Amino acid sequence: MTKSIGILTAGGDSPGLNAAIRAIGKSAIRQHGWNVIGFKDGFRGLMQNRIIRLDSDMLSGILTKGGTILGTGRDKPHKMDVGGSVMDMTDVMVENAAHHELDALVCLGGGGTHKNAYRLANKGLPIVTVPKTIDNDLYGTDGSLGFDTALGIATEAVDRLHSTAHSHHRIIVVEIMGHNAGWLTLGAGLGGGADVILIPEVPYSIGTISNAIALRKSGGSTFSIVAVAEGAISQRLASVVQEIEERGGPRDEVKAALTERRSTVEIARQLEDRTGLEARVTILGHVQRGGAPSPADRILATKLGVAATAAIADGEMGVMVASDGEGTKRVPLSEVAGKKHLVPQDHPWLETARALGVCLGD
Amino acid sequence: MTKSIGILTAGGDSPGLNAAIRAIGKSAIRQHGWNVIGFKDGFRGLMQNRIIRLDSDMLSGILTKGGTILGTGRDKPHKMDVGGSVMDMTDVMVENAAHHELDALVCLGGGGTHKNAYRLANKGLPIVTVPKTIDNDLYGTDGSLGFDTALGIATEAVDRLHSTAHSHHRIIVVEIMGHNAGWLTLGAGLGGGADVILIPEVPYSIGTISNAIALRKSGGSTFSIVAVAEGAISQRLASVVQEIEERGGPRDEVKAALTERRSTVEIARQLEDRTGLEARVTILGHVQRGGAPSPADRILATKLGVAATAAIADGEMGVMVASDGEGTKRVPLSEVAGKKHLVPQDHPWLETARALGVCLGD
Amino acid sequence: MTKSIGILTAGGDSPGLNAAIRAIGKSAIRQHGWNVIGFKDGFRGLMQNRIIRLDSDMLSGILTKGGTILGTGRDKPHKMDVGGSVMDMTDVMVENAAHHELDALVCLGGGGTHKNAYRLANKGLPIVTVPKTIDNDLYGTDGSLGFDTALGIATEAVDRLHSTAHSHHRIIVVEIMGHNAGWLTLGAGLGGGADVILIPEVPYSIGTISNAIALRKSGGSTFSIVAVAEGAISQRLASVVQEIEERGGPRDEVKAALTERRSTVEIARQLEDRTGLEARVTILGHVQRGGAPSPADRILATKLGVAATAAIADGEMGVMVASDGEGTKRVPLSEVAGKKHLVPQDHPWLETARALGVCLGD
Amino acid sequence: MTKSIGILTAGGDSPGLNAAIRAIGKSAIRQHGWNVIGFKDGFRGLMQNRIIRLDSDMLSGILTKGGTILGTGRDKPHKMDVGGSVMDMTDVMVENAAHHELDALVCLGGGGTHKNAYRLANKGLPIVTVPKTIDNDLYGTDGSLGFDTALGIATEAVDRLHSTAHSHHRIIVVEIMGHNAGWLTLGAGLGGGADVILIPEVPYSIGTISNAIALRKSGGSTFSIVAVAEGAISQRLASVVQEIEERGGPRDEVKAALTERRSTVEIARQLEDRTGLEARVTILGHVQRGGAPSPADRILATKLGVAATAAIADGEMGVMVASDGEGTKRVPLSEVAGKKHLVPQDHPWLETARALGVCLGD
């Protein structure tokens, strides 16, 4: 009997989603002869049965396209907003997948999506996931769709700021995405030659930073590029958070504490005050999520897409198809859900930055 | 006798400055056999006699380089900060140029630089200027160094935002440079397909914008890209400013009024409130000033650089070498200094935007 | 009564065609309320009545897309290959346009298309054309769709070759498109800093080129970038062609003579022999025709597309909507058809190249 | 006592060399306090004692620069061309390094360089190498400087060709570098969505390719992109070579046989003949070696550069510092020299291509 599979994309969008959809769809159709449908707007489309048929025509010409042709959303299956009230719709989703006689559902997403997929898998939905996040914070895979592309965009921005900072004798502070992980900022800072790199994993002291800039100034370098992760955190605030976590305080208390996090604009202002140099701010924002995926992301997406249908063909469900060097591997969702891959304190990139004399704020 | 010329770059930096320095230097050396020196950091270097000799080696490999190898600064010759006090140093500068036996000084800069150059020219300094500004607001030339490059960067950002906005059903507000001129925002908005374009020359009403977005939403388009010039101004504030100007109020009063200008972040927040859609903000900042000049800017820089030495060879001083279609022309500084080239209400780009149904906020 | 208009794209494809189709379609629908159809694959689609309806959905998301969603072709209406025999199908095309009750047909194309359009206009078809060619050789307009984008691609290639030539002490010869016009090669050579630029309008002598390279070598520069237009021609061959043309020889004789044109590979080999340096060849080919249009091309396409519907609304037919500085103008097809815009011997770009010491081979 | 180290770059140039030189130099100076010199033009500079002092100033601003500030060359230490005769100069090189009291020499290069470095190491020169090749064919490392950048350039070219092929109904054949390894072509073909991918490791039959194109044509796809590695080889020729190798024929006989390899232009012509579609050729050539390194290559270069000085600090010589996932490792030169890393027949990229229905010519 001909198999049928469904695809959905959830969470923030990342370059490479369409390349993965294409690879899943093309290998399903050409290699395996299956039917393929897509659900619109993430788990909401699965709940509402909003589908589009993914045939060869639909899959053509999307390899290089940014965004996702399926749309995406941040809904959680067990806490859906339905007409204003919050409801657990996991059973409805399992039922809908059965209604379409799906042999498998491929979910492309990041940390949240993997938690949601695991929940649905536990309800019996045959699920395979594909890792996707520009934050690179997924556990169990050595690459996620979108990170290489976002890294390219952020690095190019740091490059551009270099030439203008150099001409002008000033501090330029650039805010880079990544949630609570520093990968994107550390990579773009290292690749773009930033003088200061602030990431959530290494809490900073404003004094350390302004001293480093002052030292550069006294050495004749009157400009500095400061790459700040959106999740960067001061040492003081980090110790507050740590204290809450150590005494087992609720997650909401941590969140409340984090609202005191300095904005990038504030960091810039404080550095102006302390160094006497003018500071300017760039906030890249969603520019980092858009546009054509990089070649590396397209190859990754294609490799993982084909690996997803291979897992389905083998009947291996409840797994994430992960990148493993040049190849792929299958990692049980139970091992992935809820875990985070943050920058370890002894990571080679961190050590490389320190060896070059980059200020990490600590 | 061998001629000597000097070069300085002043004001904000723009891609293409080095390409112009190279063309001035190479044509001076190869075609005319002159000596060439550069003054560091704009007019300050001229005041302080900080020079570098520009020989063939120094001029090699800089065609594609962003920034300016000479450095730049925002000093005004007649209001220099010298050890804390503000002094008129124009005579010192004229003397320094004479000291180096300069037959001409080429100043590359924007609106402010042209005012400063005109002042020095009136003191007898033989000056030729080259127009440079990413804002495109210089009078008397159909192109200025850096505009095409900045347009490319801003347009690419709008492109990227498109794919991510599309996937997510939201408003994305992107702030684009340009001071009080709307060229960069209008160009990037038109070229990038923005749905709303707000420029200083067309004061906006938040109601008009949110209506346009609501109309798009009701038509099925749940995302909108709003391109906002850093100088964009509401209709209310525009009328306050106009009232001041009509009664001949001082420029400081206008400036004071303009401090009430809405920030891009505020515009985003108000659109969220009125449309019920999430909004996200991108502030490109100095990214727009950096990096390699576009081919068009390099050709422009090279053409104008050669035209500058041609003017000097002809003994025609006190002029700006301007772009005039594929060729160049010489415009007296008296006609340029203090004038601004803003977007006229009937400009073809504006009419084109209206014909496509773009909301201009009015 | 609601107007209907048709659109077709003919000749080689150029970046910006889709941006123009979008602007024609959107302004026709939103501003004027017309119906819009597209003919597939150029004049062949008009002959065969192969149409697609261009509604708002079809026009969405194509602004940045390379190629043409309508397809294109090199057919000539008066010499169509129909089932193996060559036939004049102009009347059939006029009839088909009438059958669709078209008030106007917009043809986007280059030199050949303008001749074809003029023929159809003379048969009574209400036609407006939009200039498009990466060769920039259209008469009557100061810009054509695709030139700025192709210039960017070719210049970037010259940039890349620079760094590798520099490391290796060798000659790199890069072939650039442009048919019999030198605009693209001259622009990319000037913008990319090529050491030798060979264009059809300035016939070359191999001896002059190898001397220039030898001179660079003796001055310590052991690398040279040679930008060669695909239509570049030696002085000897140019005089043969001139002799034929002066005695009124047939065009076929010129073509026969031109088959002796040196290929880029041969030029490279001869330079190797004469200079003792290794030479390498790059042939960019159709890479120059593909990909997303540059911002300048998108603005041009959008401006011209809106100008085309404005001309139709005004009932002004038989015209090309041309770029005229920042605005547009309407030029009668009778003035455009059959004319070429080549690089004049005294063009500012040529003079700029000479002033910088670039070898033009003459 | 202060250590001194030398750096040289040899073989073909690759983007990322300067980024690595910067990282080696900066970590040597800032972290270890060593002196750093560079030898010009590869091993020739070592033989001739042509050095430049690499201080902080020299190392500034080169992170994003293509090529190599040291120059490179293809000389072999044991077979140097000295005044016309071929001489073994290894002892001279060892002596020169001793003369400069070098504690270590860092050689950046590809396959040939690793053989040469191993020879010098065996003569007692303390050597550490950094892997660099756009061909990705080095054994013992999971990444080499330049590959990611070249992959980006080649993929972008395939992207561009896509849009133009689509508009025109034709075959476009693009030749991609890689010597006898298929990595670059396979990666760019996969990432760019080529329809046919020909690599040296999978010998092709013209019949298989033309059948695949004909099948596409009959399915309505009248265009095809054929990505051809410069080392692609027909099945017939591959069996000739295999026969020579099996009977232990000399390497020169293999080389002689390989001169019959079809050029890309011939492949295009044969496909035209067999399919009746027009074909066009693009030869990217050295464009693939030039320009700014990609962010991934810059991070790799920086990581490896710091790893090289770390190995020297540990006194571990005669090793290549290799990329190993996110970290690095040290591989003895004895394990690397003379080995090649070709595409295995069961490589995930090959299997991915087959799963998508890409024709590999076999």
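We just call them A, B, C and D in the order they show up, numbering each chain from 1.
Just so we're on the same page, a contact is a pair of C-beta atoms (placed from the backbone, for glycine too) under 8 Å apart; a residue touches a chain by one contact, two chains touch by 3 or more.
Everything numeric here is computed off the predicted structure, so don't read it as measured data.
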item: Any chain that touches subunit B and subunit A; value: none
item: Chain of greatest Cα-centre distance to subunit D; value: B
item: Rounded Å distance between subunit A and subunit C, as computed from the means of their C-alpha atoms; value: 42
item: Whole-Å gap separating subunit B and subunit C, where each centre is the average of the chain's CA atoms; value: 31
item: Gap in Å, rounded to a whole number, between the CA centres of subunit D and subunit C; value: 36
item: Where subunit C touches two or more other chains, by residue; value: 156, 159, 166
item: Arrangement of touching chains [line / ring / star / complete / other]; value: ring
item: Those chain pairs that satisfy the touch definition; value: A-B, A-D, B-C, C-D
item: Complex contacts: residues of subunit D adjacent to subunit A; value: 23, 26-27, 30-31, 61, 63-64, 142, 148, 151-152, 155-156, 159, 166, 187-188, 190-193, 292, 294-296, 298-299, 302-303, 306, 309-310, 325-328, 347-349, 351-352, 355-357
item: List of subunit D residues in touch with subunit C within their complex; value: 9, 12-13, 15, 17, 41, 65-68, 71-72, 153, 156-157, 159-169, 172, 174, 280-291
